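Each chain carries a letter (A, B, C and D) given by its place in the written order, and its residues are counted from 1.
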Amino acid sequence: MIHVAVQTDAIDVAAEIDRHDAGGHGASASFIGRVRGEDGLTELFLDHHPVLTEAGLAGLAHTAADRWGLAALTLIHRVGAMTPGETIVLVLASSPHRAEALAACEYLIDRLKTDVMLWKRETFADGRVRWVEPREGDQGRAERWD
Amino acid sequence: MIHVAVQTDAIDVAAEIDRHDAGGHGASASFIGRVRGEDGLTELFLDHHPVLTEAGLAGLAHTAADRWGLAALTLIHRVGAMTPGETIVLVLASSPHRAEALAACEYLIDRLKTDVMLWKRETFADGRVRWVEPREGDQGRAERWD
Amino acid sequence: MALTVSYFAWVRERMGVSEEVIEPPAGVTTMADLVGWLAARDARGALAFAEPARIRGAIDGVMAAPDAALGREIALFPPVTGG
Amino acid sequence: MALTVSYFAWVRERMGVSEEVIEPPAGVTTMADLVGWLAARDARGALAFAEPARIRGAIDGVMAAPDAALGREIALFPPVTGG
């Protein structure tokens, strides 16, 4: 059961967990990424590509589900404007045993940083606006899985 | 904010996530372990030591929180009789960035298998009852962190 | 041949449009050619495509390398920063 | 000296009690001594402690090695299987 979504609405983590867990899987690992309000950040905007973003997420989801034989996988990414504390991304991975669920979860969050058509723009209280640059470390973490 | 509990009541995952997330951490990793209904299993009973079990969990929680500089950590283990699909253990680990939350979560679930005074007994539909034996693999996974 | 080109993130901001239909000359056959042509076309292109190494692209909805032959719909954007 | 000894998991089932107060002879000074003495004491002890290598223990609420000196409260149990 693979569920992938790209949405401008807030991510309802509790509802997504309920839906994902309906099967009563042995082990579920999750990752929640939220907007950090560091340095006076007031808004995070995520630009996306209407076709490639969802295709990229779906591709990653199927790769992970196959590689680790997952029983269920939920991968939801928010796009558009967000404020500090709001959820950007939710990954839920389930399998009979823990090692596969944990590895799939980590793989997905690493790959999301480098393989999916999403671009972050930060706005700060003092009026500064900047597009986030890719980080060297993200590339390294993503390549561990090759 | 470290929250550790050993309880016979069902674990309310949604309520625990709400409590844990109150701070709006940048990254939260979680692990949920559930009773698997394989081979006709009808009941999983977890025996525990009234002093050492909670002390062991608290020790692991503080070690993980220190090692990865966590912003929040929730570690809840159920004991007593459970049925398939019920949650045995919940780990929630939060930090500003993802690597620390994911690593702490994996560390805790690995160590729970080997370092905390808990013993599983399985009862099956055909009447068989057996105490679960430690698995070689669990010892190996736990020792990766030494 | 008319191409629909869309821009994302700071490439879009520098180009001032999110999408346009263009008709480059016959010699523009690859994505790298297109980026070079856009950079030479006007001031906003010069700004957006000053560093071609920082530009990624997709052709007809699929990620493509700089030397890939152009299709009908081209997307140009910076390296991604999701997750 | 009187000791309170508690048993867990299959050790408890084989002993038939979860806790008892015992008074071992003076020569029993370590946890390994205690396990050996319980194994020799009666049939249920022989069953529970037939394989001392599979027994773990705690003394006064702290995990302890087989050669650790006894305290007032001893817990004896198999290797753990939580998580």
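The working rule: a contact is a pair of C-beta atoms (placed from the backbone, for glycine too) under 8 Å apart; a residue touches a chain by one contact, two chains touch by 3 or more.
The model shown is predicted, which means the values in this text are computed figures rather than measured ones.
Asker: Hey, what chains does chain A share as contacts with chain D?
Answerer: Intersection of chain A and chain D contact lists gives B.
Asker: Can you list every chain in contact with both chain B and chain C?
Answerer: Expected: A.
Asker: What is the distance in Å between the mean C-alpha positions of chain A and chain B?
Answerer: 24
Asker: Could you state the distance in Å from the CA-based centre of chain C to that of chain D?
Answerer: Centre separation, chain C to chain D: 75 Å.
Asker: How many Å are there between the centre of chain B and the centre of chain D, using C-alpha atoms for each centre?
Answerer: 27
Asker: For chain A, write out the residues touching at least two other chains, lowest number first.
Answerer: In chain A, 33, 109 touch at least two other chains.
Asker: Give the residues of chain C that touch two or more other chains, as numbers and ranges in rising order.
Answerer: In chain C, 83 touch at least two other chains.
Asker: What chain-chain pairs meet the touch criterion?
Answerer: Result for touching pairs of chains: A-B, A-C, B-D.
Asker: Residues of chain A touching chain C in their complex?
Answerer: Result: residues 33, 46-49, 51-52, 55, 77, 88-89, 109-110, 112-121, 131-134, 138 of chain A touch chain C.
Asker: If we count contacts the way the header does, which residues on chain D are in touch with chain B in the complex?
Answerer: 6, 8-10, 12, 58, 61-63, 75, 77-83
Asker: Touching chain B in the complex: which residues of chain A?
Answerer: These residues of chain A touch chain B: 13-14, 17-18, 21, 24-34, 36-38, 84-85, 96, 98-99, 101-102, 105-106, 109, 141.
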